[in-house]
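The following blocks contain the structures, represented as structure tokens.
Below, chain A partners chain B and then partners chain C, in two separate complexes.
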Partner chain A sequence: MDWSRRKFLAAASAAGVVPSLLPGSAGAQTPKRGGTLRTIINPEPPSLITALNVQFPVQVVGSKIYQGLLRYDFNLKPYPCLAKSWTISPDGRVYTFTLQDKVTWHDGEPFSADDVVFSAGKMLPETHPRWRISSDRLESVKALDPHTVQFTLKQPFSAFISTFLSFGCPMYPKHIYDGKDYRTNPANSTPIGTGPFKLKEWKRGSFIHLVRNDNYWDPGKPYLDEIIYDVVPDSAQRVAAIETGRTDLVQNNDIEYFDVPRLKQQKNLVFTTKGNEVVSPIAWMDINLRLPKFQDKRFRKAMMHAIDRQFIVDKLYFGLGKVANGPVASTTLFYDEKVLVKYPYDPKKAIELMDEMGLKPDAKGVRQRVNVLALPYGEVWTRQAELVKQQFGKVGIEVTIETTDSAGWFQRDSNWEFELSFNFVGQFMDPAIGVARVYLSSNIRKGVLATNVEGYINPKIDDLFARGATAPNAEEAQKIYSEIQHILSDDVPVLYLTELQFPTFYNSAFHDVVVNSDGTLGDFDGAWKAT
Partner chain B sequence: MTGVLARVAFVSRRLVKAIVVIFAIIVLNFFLVRMTPGDPALVIAGEAGAADQKFMDDLRHEFGLDQPLWKQLAVYLGHVAQGDLGFSYRQRLPVTQLIADRLPQTLLLTGTAMAIALALGIAFGTMAAMYAGRMADTMITVLALLVFATPSFWLGLMAILLFSVKLDWLPLFGMATVDSGLHGLALAADIGRHLILPAVTLGLFFVAIYARLTRAAMLEVRELDFVRTARAKGLGERRVVVRHILRNALLPVVSYAGLQAGYLVGGAVLIETVFAWPGIGRLAYEAVVGRDYTVLLGVLIITSIMVIAFNALTDIVYVLVDPRIGSTG
Partner chain C sequence: MHNRGAVAGAVVLLLVVIMAILAPVFFPASPWDMVGAPLQPPGSPDLLLGSDMLGRNIASGIAYGARVSLVIGLVSALVAVVIGVTVGALAGYFGGMVDDALMRITEFFQTIPGFVLLIVLVALFSPSVVSIVVAIGLVSWTPIARIVRGEFMSLRTREFVQAAILMGESNLRIILRQILPNALSPVIVSGSLLVGTSILLESALSFLGLGDPNMMSWGYMIGAARTVIRLAWWMSVFPGLAIVLTVLALNLVGDGLNEALSPRMSRKVQA
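Take a look at the complex of A and B:
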């Protein structure tokens, strides 16, 4: 699991119920200037430099300071941020971006094409693992003039346009970072971005205080005067804070799922799960396919039938999220429900499949024994492990639950020291970015998380993903990704569980908090408070 | 002259012992934290949800984790000898700075808690002893037992629900109002309001202990001959209790308080977490979760130095409370 997902997701989910800033939305009210947004950050980020640290909490706060060239609406269609327009050459290899006119860095220096070339062509390829998926395919990045940047790819990569969000390719000032050691640059403690908010004070362990950037490039914005992120490590405290109005916004994993139904009743709070579309994590159990007992596909299917996944959504997530049936989330590009092989909860079917394999119960009624590595991410994951133990037990699969802390989980999952392992992985808009990495045989890398840890090898799938990434157009790509979804949902290389959603609650005095698929990872330049 | 020499010899012996203890603590903890699964690079990559081999290799190289373990230990010991506790992998700040930022806040919290605990504990203990076997004694004893048996984080949560959520008298979390612009007394009052709940919650547990200790010791002392003598001399009851009984009954309380002082730095993790108090306990806990070895070792070193210092302090307080110890030892 990439942690990312969890946090990301979490973060991402926050969301917008009132997307009035989006193109075509119906926000009737006029935004007002002024006001403070008080919210929560948990856990406390180690730094705010999103180029050097891609952890989720870093993005939550850093996204207000550092921006990308594009934003993405709830349907993942790109729209302008630092780039006001762009063109893609017919052969799909040349992307030309025109930048906004009057953008300055927080220190007053102008933002120009040179900064884009530096960030995307030099700094981020060194430091940013998510951008490397794109930069590895780059032939060149050039500034054509101070407001025009041209990216040339070695070969077409249709997912490229989906990688310019602030937490995929954030812009960093060349005049501060070029020629210096990125990681030890003293400027890392005084972030200089183009975003609508600037860092005023960070009292470690207590709060991060952002204030309005008065020279922001989008006239009239931002509307809020300040944003205060309180560091609140205890979840009971976070619930109390939103319930009593001492905080205005909770997001990501701030709230435990069992508190969601209660908070939903509270009239002065807006609830949403939107803003989760970019990350769209899917929870599953990694299967260590190297072990003989998992190599018969019928056993993997039997396990799928043995788990009541709707129960997980309804009772453990209190209705948030949905059952996942395949490798692509329903909120990710190229999702195709029609082709999926589905596995309704059916213990009888599970038993039939095992009978057919000749997997007979022993004297104690046990057909097979498996170890399940639980995720150390709180209540909801512990309960899932217990549920699986119980439901597998009903069909004669005896489960031993293994527990560890998060570092221990990272170690064991990435080094293949598991039989079944709960996990969740972010999708990042295009299957070429977030999905392929889990199934490509070329991405079996011991010690690296969010790779093909299950050891799945299928030349057909390798070939399809390669073709999907370089497909010349969307129709072609859709055909390829549909085939992939059919094959993987039939093959069950991991046990698909649920699509995760994270609850966002905010004080109804605030508007336009979650306006796109970034959710609370957006820059909040359009968020405002009614008086 | 020999007295001074003896004292110098004594102090230097203690000092050498302290250094050996700290050295042992470093080496032991160094290997202990390395035996836990995972490392900081893996945690950072894991929390990022995006990682490739290069990302982790870069981090491990930067942190020096690609060096042989003995070499890392040697480098670390060399730095510590020069007073340098190293650099936090996660936060990219010097460990000394991180600890210096957090330590005063923890000392404020635990110091206040300890003061509350001592004052209330001794007062209640004395009362219980004076009314031994009667209603007041029973009530204090039962209450003390109850508080002692209740997890302090639960007490904290309940206190929050009552005083912050329902009654809205006190702040919910944190240590001061953000950007309040307050100075001097007003700032102190603001911090005080934030301090009440966590300090009382943390202190209550020890109130129970001190009350029981004081009560037991006083019951024992008051049967002794010198107390009877004091009464026979015609001293007032108040003077007998305070000067003769209580003072002699305090020794076990002082011993225990000396032990508790060790917790002053590291023992408040739960309370710091529940009340979002920016202290060193949370720093240490987060360092464990993030496998931020240098921060964890730094906290352990500072903690052990404090414990050693407090032990020395306890010895001095002993002498003040009971002059017999000084004259014989």
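Take a look at the complex of A and C:
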């Protein structure tokens, strides 16, 4: 996002008008009722119960059925969903939410504070890995009256307000799930949520058909009559479907990067990379810091200077995404560009650093040998491994590329059986949720992905993350996270590569499709089709 | 030589060999080096056949790929011939229980789809030149074994073999000195065809991403080009042509050898 747009959106969100001012929305036009949105789901999800399965495809469809208390704009500022307002006590420990008035579940039962207490206090702490980060810090969840819920934390946790999205804390009906086994509940095949759409039919292997919830709590919404998710496992078929107009919307990994430039040329399609802000994955190479050869910081810096990361963005991602310089994505809260130590592509500098260390070239011109574990997720990742091999070779670091299938990669990366390993990890809005887990020495857990697999141990960083999470206010937190970003970008515990962005394309007849940081993982209650 | 196809094949094959040998002279840089702008079409300055998505020279990749393809093709064919001849010779010469046992093993390999077994073997031992060569050899020796067994069974009853047995020559000596030289011509023919098949198998493996990740091969180039075929046709067309021409040449040469080494066969063709 460029500066002016960010500033404009910040001003707009302050004025409370954000949801109608987003890409593709045609300014003054008023939404129309009716119409079908035909889109794609890939791969087909095992279920639609977002409380039990946090994979992307489940959320893509489930988000239309199950909602959270809050939504977040493109700058990750919260705004109302099932909660119409909220207050935070001055000591940062008590959060009080007032719920919307006339919300009913799809089966007609009223939605009340008891459902929130059940979901956030009982069901999700057992079933939802990311909500557990918050619920572990909870002292109590209480219903003050049918429309008021109070969360009390053991100690302040500044990321708490960023965890009420439907992808982090979806609301589930107490009258259906309480006291029964969550995973075997027969209601799992007939989802009952509060969302703007209801499940009508799911033909396995073929399509998922959602229809309008006529008793939706937000008057007049939703505008669309139905949404149809076609199951299309083949990427060539997906791109053909959006090109020919057989589908109206493609999202996440539906479209391969090399097809993006061509689709961008197509006049009747709207293109956006917005709506990725919640997840904001950063790609990097894990460094096995247990190995002596990686322990000198200057060698890690030399490797950073040796990779042309802008080339990766421009040529391999066809301009999507951007160069990553530190542990926090530019779309995540508390990002601070000023404090980052940057590593422009500079092979000379890399050689200087290694000379300074006394890492001299041998007879073959090789200063150091490293093995790189490639990520088996398709061509773009293979090409990156080859690029690193070539560019490291230029400065005297000889690379041997290791290839595996995805189970093998999972096994080796999470069990520390690598020297350098390509990886990418989601951020989830607040550094306390998606960033800290990669660097905390307490989170060195063999066999678990997206933990501190590199074996980074820095007591100062441990202390800062602990203080950042419990900071009483945003200013304090910003100071701490800025210091973290400075230290980590200087220390290079992993080789930061790029911030990933997923391309979204949709038919320009549709409006208000991507309206917040949830993107196509949002509920689509304001999406509409011009006739 | 009156077989024009075989002559043409030999000429093409010779050119490929020369290209493989002289690759470092034409292209001093490694074929993995990013020497120009990415995705340049053929005919761009210094990029006769264009460049790929990292700016690597396609022409250089073809030249160096010839080395990989030829080496892998020849060595794996050799591995297959060695295994096949050993099994076939023992089975055909000794007959009986030995024959039964060896032929059951051969049938076992024949009933497993070759390419599937190849993928399993390479994935199991992690892709490298050695594992690929051995795996290709292991999946393609069975026809050779059958041919050699047949030859041995018929030659074993001839007088010169009977005479050698009577003279008290050792089994090994009879197999190697008496029978094998007479059974060799069909082996040479199918071995030369096997080189072509091996090149195709290696290309297919590389196409699937199971090639040696540190070697530039034609199959790898096509595999890498597949995704951008609508943007850069030259990335897949030229290595594809290289494979087609080389394998065609090998087949033509194989046919020529067949004709030259087996007069009966050549009479049949002319009749």
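The rule we apply is simple: the second predicted complex is superposed on the first by the 505 of 531 C-alpha atoms of A that agree within 3 Å, B and C clash if a C-alpha of one lies under 4 Å from a C-alpha of the other, contacts with A are read in each partner's own complex, and residues count from 1 in each chain.
We adopt the following convention: a contact is a pair of C-beta atoms (placed from the backbone, for glycine too) under 8 Å apart; a residue touches a chain by one contact, two chains touch by 3 or more.
From a predicted model like this one, the values you see are computed outputs, not experimental measurements.
Chemist: Check the residue A:Lys389 against both partner chains and state whether it touches chain B (first), chain C (second), both, or neither.
Modeler: The second partner, chain C, only.
Chemist: Is A:Ser508 contacted by the first partner chain B, the second partner chain C, both or neither?
Modeler: neither
Chemist: Classify the contacts of A:Thr98 with the two partner chains as first (chain B alone), second (chain C alone), both, or neither.
Modeler: The answer is neither, since A:Thr98 touches no partner chain.
Chemist: Would you mind checking which one, chain B or chain C, touches more residues on chain A?
Modeler: Of chain B and chain C, the partner in contact with more residues of chain A is B.
Chemist: If we overlay the two complexes on their shared chain A, which of chain B and chain C does A:Arg262 touch? Say first, second, both or neither.
Modeler: The answer is second: A:Arg262 touches chain C but not chain B.
Chemist: Who does A:Leu316 touch here: chain B (first), chain C (second), both, or neither?
Modeler: second
Chemist: Quick one: classify A:Ile401 as touching chain B (first), chain C (second), both or neither.
Modeler: Only chain C is touched by A:Ile401; chain B is not.
Chemist: Could you tell me if A:Glu379 is touching chain B, chain C, both of them or neither one (first, second, both, neither)?
Modeler: Only chain C; A:Glu379 stays clear of chain B.
Chemist: Name the contact category of A:Thr152: first (chain B only), second (chain C only), both, or neither.
Modeler: Neither: A:Thr152 stays clear of chain B and chain C.
Chemist: If you stack the two complexes on chain A, which partner ends up touching A:Ser330: first (chain B), second (chain C), both, or neither?
Modeler: Neither partner.
Chemist: So which positions on chain A get touched by both chain B and chain C?
Modeler: Looking at chain A, the two contact sets intersect at 404-405.
Chemist: Where on chain C is chain A touching in the complex?
Modeler: Residue list for chain C touching chain A: 30, 32-34, 38-39, 53-55, 123, 126-127, 209-210, 213-214, 224, 227-228, 230-231.
Chemist: Which bits of chain A are touching chain C when the two form their complex?
Modeler: Touching chain C from chain A are residues 256, 258-259, 261-262, 315-316, 374, 376, 379, 382-383, 385-387, 389-390, 393, 400-405.
Chemist: Name, in rising order, each residue of chain B that touches chain A in their complex.
Modeler: Touching chain A: residues 36-39, 42-56, 58, 62, 88, 90-93, 98, 101-102, 105, 157, 160-161, 164-165, 168, 172-176, 178-179, 273-276, 278-279, 282-283, 286, 289-291 of chain B.
Chemist: Show me the residue ranges of chain A that touch chain B in the complex, using the header's touch definition.
Modeler: The contact residues of chain A facing chain B are 1-8, 43-44, 46-47, 53-56, 127, 129-130, 132, 183-184, 188-189, 200-201, 203-207, 209, 226, 228, 230-234, 236-237, 240-241, 243-244, 246, 404-412, 414, 425-426, 445, 447-450.
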